[in-house]
Structure formats: C-alpha cells, structure tokens
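Below you'll find the structures, each written out as structure tokens.
You will see chain A twice below: alongside chain B first, and alongside chain C after that.
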Partner chain A sequence: MRGLDEESIEELRWEIRLHGRGGQGVVTASKILAESAFAERYHAQSIPFFGAERRGSPVMAFTRISEHEIRERSQIYTPDCVLILDPLVMRVLDVFNGLKDGGGVVISTSSRISDEILPDISLTLVVVDGVGIALKKDLLVAGNPVVNIPVIGAFLRVFPHIGIETVEKVISEKFKRNSKRSVKALYSAYESAEVLKIRGKKRAEKVYSKKPGKIWIPASKPVVGVAGKTGYWRDFRPVINYSRCTNCLNCWIHCPEGSIRRENGEVVIDYDYCKGCLVCLSVCPRRAISSEREVFA
Partner chain B sequence: MKLSEIPAEEYLLEGNSACHGCGSSMALRTVLKALGKRTVLVVPASCTSVYQGMYPGSAIAVPVVNSAFACSSAVASGLKASLEHQGIDANVVVWAGDGGTYDIGLQALSGAAERNEDILYICYNNEMYSNTGIQRSSATPFGAWTTTTVSGKKEHRKDVAELMMAHGIPYVATASAGYLDDLYRKVRKAKRIEGFRYIEILTPCPPGWRYSMERTVEVAKLAVETGMWILYEYEHGVLRLTGVSRAIAAGKKKMKDVQEYLLLQGRFSHLSSAEIQEIRKYIAERWKKFADVRGGEHAVAAEFFV
Partner chain C sequence: MTEKLLTGNQAVAQAVKNSRVGVVSAYPITPSTPVVEEIAGMVESGEMNARLILVESEHSAMSACIGASLGGARAFTATSSHGLAYMHEMLHYAVNARTPVVMAVANRAIGPGWNIWADLSDSMSQRDTGWIQIYCESNQEIYDSIAMAYRVAEHEDVLLPAMVCYDGFVLSHTSMPVKLDDLSEFLDEYEAAWRVDFDNPSTHGNITPPDYFMDLRREVSRSHERALKIMDRVEREFFETFSRKTPLIAEHYRLDDADTAIVAAGAVSSEAKIAVDNLRRNGIKVGLFRIRCFRPFPVRHTIRALDGVEKIYVFDRSVSIGSEGQMFQEVKSAFYGLSSPPEIYGCVVGLGGRDVTSMVFEKTVMGEIEPGWIGEVIV
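So, the complex of A and B:
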C-alpha cells in the first residue's frame, strides 16, 4: 500500500481552470491544451462551463491532464493552475478560488500585477501581454483580439510536459489555413512571457455569507446592471470629439446598450456599462467618435 | 421624423447581458420607447429571455411575463382579456424571436391572429436560433451557414409576415434594425390600431451571422438596400412599401447587388457563384410578387427584376 501511495504522489496530474470572456477563445484554449496533452500521450479532458454564454460575458472552461485514466466529470474547484485570459474577470469573479498552494497563475495583461489582488499563497505567476500580441499578429475575430493562443504560449513556460511543437501541430490541424498567425503568436508569447515566483504567507480563507431574506412575491424588479458592470466587457473605448459632434443623435438611437445619454443638449457615454461594440462609431456621420484601446490598471 | 422627437426615457436598462452590437436589444430599446410605460411584454424563450436578467433583477423597466416557446400568443391573449376585465388600458405586446414565431410558436400565433385578439405581436428575426448557439430556423435564408446547416441551407426561408397578411389582420409591417426611426413610426402606428397587429424586425446578430460587431447597422441597412429584406406596411387590405424599399420601387434609388450584403457575413462566405445567382433570382421573384400584390401602384421599374 505504501508503494501505491508513493506512486500516486509521483504521478502527474494537473487541473487547470481557464477564465475569460466570451469570444476570447476560452473553450478553444481548453480544447487545444487537452488535445496537445493527448498528443503527448497523457489522458486529458476539456470541459466548458455550461450556462447562457454571451460574447463578452465571463466564461469558464476546465482542463484535466493526467498520467492515468480520468474518471471525474466535474468542474474544477481546486485547480493547480488558473489561466486568466482577461484580468477584468477578476473584478466580478473570485478567479483564485480554491487555487492550490504552490500553484500557477497565468495572466494576460499589459500592466503590472499588484500583490494585493493575488491570493496569500506561494505562486508561480506568468504575465503576458496577450492583447498586445494578438493585435500585433492580427489575431482578431469579429473585431475582438483573441488572447487564447498567447496565454497557452505563456502557460507552456511553467508546464514543461507539453512541447511547444506539439501545440503548434495541434493549432495547425485545428485552424488549417488561418493557423500561421496563431503559431507566430504562440511563439511570441512563449518568448515574451515573464515568470515570477511569489511567496505568500498562508492560504487566505474567504467565507461567503449571505443573509437569508424573506421573499413574498417572486417578481423581478427593474435594475440597471443585471449582468454587472458591463463596461468590463470592453476591448475598445469609444470617445466623442465634441468639437465635431452636431448632436444628431444617431449614436444615441443606435446604441444597443442604451449607454449613450442625452444630457443638457449633449450626448454622453456611460463608460460603466458601455460594452464597446463601436456601433456608435460606425453610425456617426461626422466621424466625431474614435476608438481607443482599453487599458485597465 | 427627427430623432430628437423620440423620448429619452429608457425602458431597456443598460448593464444587460446582450452581446456586443446586439441587433435585437437595439430594436427592443426603440420599440419600448415607442410603446411607453403602459405596456406588458410577453417574452417566450429567446435571447431576450436571457439578457433581461435573472431574478431578482430585470433589465426591462416594464412588466414582463416569460412564457414557454409555444404559447406566447395564447398567454398574451389571456393577459389582454384579464386586463380588459379589470378595466385597465395597457398594450399587451409579444416580443418573440424567429424561432418562437416561425417554428415553435406558429400555431398559437395563427390562432390569436384568427381570433383577432387585441395584441401586438413583434417578431425580432435574426434568422436563426442564436440563443442556443446558432441552429437553423425556418427563417434562415437560402445558403446561410448554421451549426445544423454546415454546407449552407438548401431551402429558401418562409415568410410569416405574408402568412399574417393572409390571416387578414388589421396591421402587418416589416422593419429593420438599420432604420430605427421607421421602426419607431410603425410601432407608434400599430399601438393606435385595435385588433391583432404583427410587426417583424430584421435584427442582425454579430456572433451568428459572423460579422464584426460594429457593423450591425450597416448590415441591417444593406439587407434592405439589396432587396433581401423588404420594408412594407399592410393596413386594412392595402400594402404599401416604405422607406428605402419604396424609393427603390419608385426608381428613385438603385437597388444594390446582393453580393455586397453576402460578402460582409461569414455565414455566406462559402457560397458559390451559382448559389449567389439563386439568391439573386429569389430576390427578383420576390420584388415582382410585391409589385403585383400592390396592383401596379408605384410600378417597379423593369431593371430591378434582372
């Protein structure tokens, strides 16, 4: 029995949780990882989080990689590694929930990660500018930068069991004609990713307590922001140049979100909820609206 | 109509979970502005039933009743009868997708139309089941890719607006998310008419139609400009083209080639030239039919049939 125990400790078994937003390729990334691990003769599993997914809304996916057969079919609650395709998800979700001490965190961001947002455990942190690489390598789907390939590239730095050539092969087979840009992005991310060792004091315990309330009539009440602050879904920010604006209200009527308001004879964008679809930019007859890349510090 | 005449009050609240550049939330915003506060919405399963939010919040600032797919018209009929009995004057409006209208909700819709119930039925048509991940519906046009028509749909779409005209209801109209002022005017008009009214709105869907999210308005406008979608009003037995469709029929505006509309969308990217020719033929036949139906009024110039 002793021997068996030792064997099970020695065996390679990684549970990876991927966080991002719809359209960034979270589920695809999970599949690519699983397929690559499979090509490296491991057992692998890829599970998307089931729910009403929308392009732009928070999305989760799970990957298990093991030397032995995987019998679980559940979501991953205590991951060895968390891949965060979009740092903004951290504001709405506890992405580090259940992360094991000594685990890995891969974040796609262009800014520096402050220690305060990280959990109080020892970690290997990998930072990569996924959006920057996606923009540079022209990796866009429907106008959104696709950061999944750069994040996989960065992940390979802390996960030596999958060769980057294997991933390259999987990507080439998966995307066929369009795979060249993805492969370039993969290598670019692998080379430019920054690996940091972070030593935490102890595991932070969080208790979520909710007061039970009395509900007499189960009817929903109108509220602004039922899906949270949807401004976090934005990749590009529309900016109005008021010197060109003639207040024709084309942007106001066409905004799908209703986050352009008429205030004192001017149109004002509510950046708390603007999802950054840039419809306003396309309907502006005077070209008074421009787009800027969104950078959250 | 000036855009500043449209009220500033918002009934579709921001911070809902609709996709970037959603055509249906764009249209719903305008529709609710036209309907005003005294409105009850009946929403069957659809994208709207998701982006309206989860309990205890709602993104829609008027009462909403969620119904099963098949029975939205029946629920609305009952609501209207109940409100009438209580002496409450309110618009009862069904807001359903093309799946809930063309396929699953069709029998209840036909029943309510035949009974001439005093409700307004609005179908927002994105030509597929977008909510469940892009499956074909009977509103999907010929050649379009969906996850269940991987090599392109082999059949032309059916036309429920024409079916509603055949029911002989007081008011039928089509609109497009590209022309929201036109939509606003039509909803205002429908609001004043008594009896069963049907409005169908073409609402492009960026993830389903595979185009860049900021081009929703452009795509919706092109659908009308290329003749893929015809804007009209049918009022007490008289059919009248409106907006750009009317200008094209009167020869004031040249109809664009449909290729311009198809090329923008990934769902049509696999089409062969023979298939594009088939779509051109379909458009020409449809225009001819509409010219005939209208009994020669604003006769369509011959060059638009070729």
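So, the complex of A and C:
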C-alpha cells in the first residue's frame, strides 16, 4: 500500500477518509487517529464533516498525518486509505472516490467483500467484523454496537507508523474509566483483521450534477437529495394500526420530515424518507402507532 | 508551555481561561457551541475562575457582557450566524459604550436554506457596527488572537470591542496542534480604564443630542485609526514574548518580487499559500496578502504591501448581495485615486461551507477560471 507501509517516498504524508453513520463514532475515530499520530510526533489534523447532525445520517471525517506542517483546510479527495465503519453508506455514496492506486480500504463487515464493489485499482483490503467484536466486548452506546475502535485496530495492521500502545494510551486518556473494553476491542480487531492484496473490478461512476433553476425558494419535499433515500437512517420503524386510527392527522401535522402523506382518506408513512424519529408514535392520541426494530436485508 | 491537538473552539476556551476572563455570558449556537461547553466545564470544575451567565438569547448575552464590562470585568462571549445577527443592536451599543468585550465568532452562513457551515457573511454583515474584526487561518492563530484582541480592545487609546472570527467547522471543529503559551506574560490582569462607580454615581448612555452625537461618533472612528498603531505594537510585543510570529494586521507571504497577488482572509488563505508555493515552483511570481484585521481596514498597509503588483485577485468567502465581496470593495477603494493602479479582480468562493481547495487559487491566477462566483470544488 503506497505510503502506508513504505518508508521510501519523497514526503511522508498520509490522507485518510472515514465513512460511517451518525452515532458510530466516525468523528471520534478520526480524532483518535490524529491524536495518536500527534503523540508519535507527527503533524496531525482531524476534520469532521457532519451532514444532518443526526444519528443514522451519513458522516465523514478526514485525518491528515504528515512530517511537515499541514496547511490544507479542505476535505480529502484523493485519500491514501478509506475506513468504512458501515457498509450501508456504500448504497448512497461512492466511498472509494479518488482513492489512490495502491491505497488501502478498511471495512467493518461480517460478510465477504466482493471485488465487484471495489474500484478497479490495486488495493490492500482489511476486513474486520467490527459489530461482532463490539458485541463480544460489550462495546455499546445507547444499545448500539460501536465499531470505530475495531476499525482503528484493523487499520493499524497496515499502518506501522502509529504504535498500537500509543493508541491504547490515547483511548485510555480519552475514555478514562470506560476505556478497558475499548482497549480489548482494539487488540481483538488488530489480531483478527484479515489483510488481502486485491484488485477491484468496479468502474468509476459518472457523478450526477444538478442544474440551477431561475429562482430558488428554500422549500422542499422528501425527494432524493445528496443523502439519497434517507429511510436507511432509521433504527426503528413506526407502524400504523389502521383499526385504531381515526385519521385525526395529529401525526401528519407533527412529522418533522413531511414523510406522512394523506392518501385516499388515510395517513400513509413514506418509508423511503421516514427517519424513524417516532414523533408520530408519541403524539398519536389513540396509540394507533407502534414501533418495530428495523432490520435491513 | 504545552502543545496539544485542539479544535478551534477548544483553542478559544483555553485562550479565554488563560486571559483570566472574569465574566462569560452566552447563548450557545452551532458551530460555536463547544466554546461555551468547554468554558462551562472549566468553571464548574474550578479550573477557571469566572462567572458564567447563561441567558435566554444572544441579545441578552451581549447585554450582560456590556454590563459586566462597565462593571469593570474582562468579559467574553461566543456566537455564530443567526445568533450574531440577533445581537446586532447590542453590537452597536458595545461600541458607543466603549466596552472592550471580546467575542469569538465561528463563522457560519445565515438561512433559510438551513446551513450550519463556514461562510464569513455573518461577521462581514456586522462590519459597520464599529467592532474590531480579526480573521484567523489556524487554531494556533485563534488562541493567540483572543489575547491579542484584549490587548488592543482594552488599550486606553482604543476602548472598543473586538471579534475574533474563524471559519465554522473548517477551524471550529478541526483538530490541529496548538501551543498553549502562558498568556500572563503578555496580558496583564484586567484594570478597567473606566468603570461604574457606586460611590460616585453617574448616568451612562444618557441622551446625546445633535450638539454632541456626531463628535462622539468621530471619537469612535478616531479610535479605530489609533487601533492600527496599537495593533502594530501588540504584534511586535507578542513576538518578543513568545518568539512566534502571529500577524495581527496582515501577513505578507512571498510578496517581495510578486507581479500577481492573491488577497484572502480566514481558513481559505492557508490553501492559498499552497497555491502560491505550487505556482512559484512553475516560475509564476505570485504572493499572498492575507488580511487579518478587516476592521479597521488597513488601507495604507494594503497599498504598501501590493505596491508594484500588476494584478490582484481578491477572494471573499462572503458577499454583499446586490454588490460584490466585501474585501474586494475595500481593496479596490484602497487604490482609488492612485496613479497606475493594479488590475483588481474579485472572486466569491466557499459560501455555506462549499469546500475551497488550493486549486481554485491556482487556476484563477493561471487564467483558467474566470473571476466572479466560483462554485466548483476543484480537486
């Protein structure tokens, strides 16, 4: 992997892009990497990019590590490595965009990664079952497995410039009393990660561009935007029991996303865009709406 | 002295603590919220000895700061975007009241078209209030600027409030190395030049009829002129104290033999330096004039720095709608009336957090992009 495990390049400098969803610890992971590199006496920078500032929505973060002062303030477009905390984001984002030939991909998944989804360049692929490790080591926040630490552990397998003990120290200082499980998960991921040299088969896609209209009025309805169909942000799905529903429209008026439609005299939830905030459930006077755990196939 | 990896907001909070601020009043708003969170944490733990007044709006936050300052305390607040706009009336008040409040502004666009990202339009649209305005390109500069701002604002020849502005998220939430110098070597404990004295009561802000008001405003304006001289001195003293060069009025980057100049402020100017280096490698004589202090506007510094330059490209991360970029206006106006002035072009970039890369500067200087509104993110 160019620059990641080779010392012989003109300038030691790495750009790492992290992808995931709100709540998975993308920003924290980027910061831990930067702090660890800083502790190893490199110049380091960590930039978070929040989309909708909401649990479940796509989040990006960028880490730059360099021997020299870092003057860039922009995002990372040609990364040396991408860390993917959640393969679900690949549905709406080209996470491999701009990845350098010979670069690295670290991905948290329990399933096999097909070379059909990887870009047509030579890669070092690191696969780790982040969710599995988080569940085994009891690394949960608000009931959800936290995969950022396992992904860092896997990344360290192919990035020898940061010692795992340094990361352990940074994590211990950051999480204080709660750091034990994180440290265990870090080592477990480091040991169990699978490293492959591979060449992908996926051709680059055309980037979609939009034409501006004459007058832009800031009014909107749920349609496909930069985040794609936002229904996948959901952890819980509201379900209407029509035998109890009186069509009072309380849910319709309260839905913050405009994702409840009126259709043939009934309220209908648009699951393509409902983000599962469950406001409708709490405002329904007849308790006609219940919630179900979302399971994505 | 320790060096830490801090976000821009954390750098502000550390600088406020080390400047021994006495009163902080704020109503948090993205992206400046963590400034207030960090300070609240330090006040709570006893690490910082200050009174934190949480209020119901930014208008009240500034009012409380003005009151605290009149009472003789070193006062601080932080805000962004809609919050700064809501403060507008009290911004004027702080100026005429001559209260040297320092405020951190994490620059953000103003909606609707809801947008929390970097855009200097919020502070630029407050440029006529009489506040001193300083723009930063790195988190180190944010840390340094807070203390420097107090030095200038509290000077008896100035006595004006100052805002330290830094791009939201691009600096406010980005972690970078920051040297935490001991600011007590540079900034003394606060001793108010004038304060409300309960033993010797007086009316403050009383009616000022036409016979006096214009003179009062004239004095404010003169204080701005004097502030530039004080800034020069503060910049020098900062270097003497910490052996670290932090410009306060403007930075000249590779301008000496330049025939083309880029003018920029804030985080994007760091990207502009990369462009200057790349263009220089290809034999293009280009330099950067980075404006740190936008109010007072350093007219003479600008003319002197850009003397002999044939072409100037001014990059604004803001726009005065119906006109053009605010810095573009100022730079053009600085050269008005001079014989053989340079060609000056204006570019509007990076509104609402649109990413700005070094390539934008390179391509504009090379003539590959027309000046004007540049929306493309060029990688």
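Rule of thumb we're sticking to: the second predicted complex is superposed on the first by the 188 of 297 C-alpha atoms of A that agree within 3 Å, B and C clash if a C-alpha of one lies under 4 Å from a C-alpha of the other, contacts with A are read in each partner's own complex, and residues count from 1 in each chain.
By our rule, a residue touches a chain if its C-beta (ideal position, glycine included) is under 8 Å from a C-beta of that chain, and two chains touch if they have at least 3 such contacts.
Quick caveat, the model's predicted, so the values are computed rather than measured.
**Student:** What is the contact status of A:V223 with respect to chain B (first) and chain C (second): first, second, both, or neither?
**Tutor:** First partner only.
**Student:** Tell me the contact category for A:Y273 with respect to chain B and chain C: first, second, both or neither.
**Tutor:** first
**Student:** Under the stated touch criterion, which partner chain does A:I70 make contact with: chain B (first), chain C (second), both, or neither?
**Tutor:** Only chain C; A:I70 stays clear of chain B.
**Student:** Residues of chain A touched by chain B versus by chain C: which partner has the larger set?
**Tutor:** Per-residue touch count on chain A favours B.
**Student:** Have a look at where A:W252 lands relative to chain B and chain C in the superposition and call it first, second, both or neither.
**Tutor:** After superposing on A, A:W252 lies in contact with chain B but is clear of chain C.
**Student:** Check whether A:Y187 is in contact with chain B, with chain C, with both or with neither, and answer first, second, both or neither.
**Tutor:** neither
**Student:** Touching A:F175, do we find chain B (first), chain C (second), both, or neither?
**Tutor:** A:F175: touches no partner chain.
**Student:** With both complexes overlaid on chain A, does A:H43 touch chain B (first), chain C (second), both or neither?
**Tutor:** In the superposition, A:H43 contacts chain C only.
**Student:** Of the residues on chain A, which ones does chain B touch that chain C also touches?
**Tutor:** 218
**Student:** Spell out the part of chain A that touches chain B in their complex, as residue ranges.
**Tutor:** Contacts found on chain A: 22-23, 52, 54-57, 142-144, 215, 218, 220-230, 233, 248-250, 252-259, 261-262, 270, 272-273, 275-279, 281-283.
**Student:** Can you name the residues of chain B that touch chain A in the complex?
**Tutor:** Touching chain A from chain B are residues 3-4, 6, 8, 10, 12-23, 25-26, 29-30, 50-61, 64, 131, 180-181, 206-207, 210-218.
**Student:** What residues on chain C touch chain A, complex-wise?
**Tutor:** 5, 30, 111-114, 116, 137, 167, 169-171, 173-177, 267-268, 270-271, 273-274, 355-358, 379
**Student:** Please name which positions on chain A make contact with chain C in the complex.
**Tutor:** Residues in contact with chain C: 31, 34-35, 38, 43-50, 53, 70-75, 77-78, 98, 216, 218.
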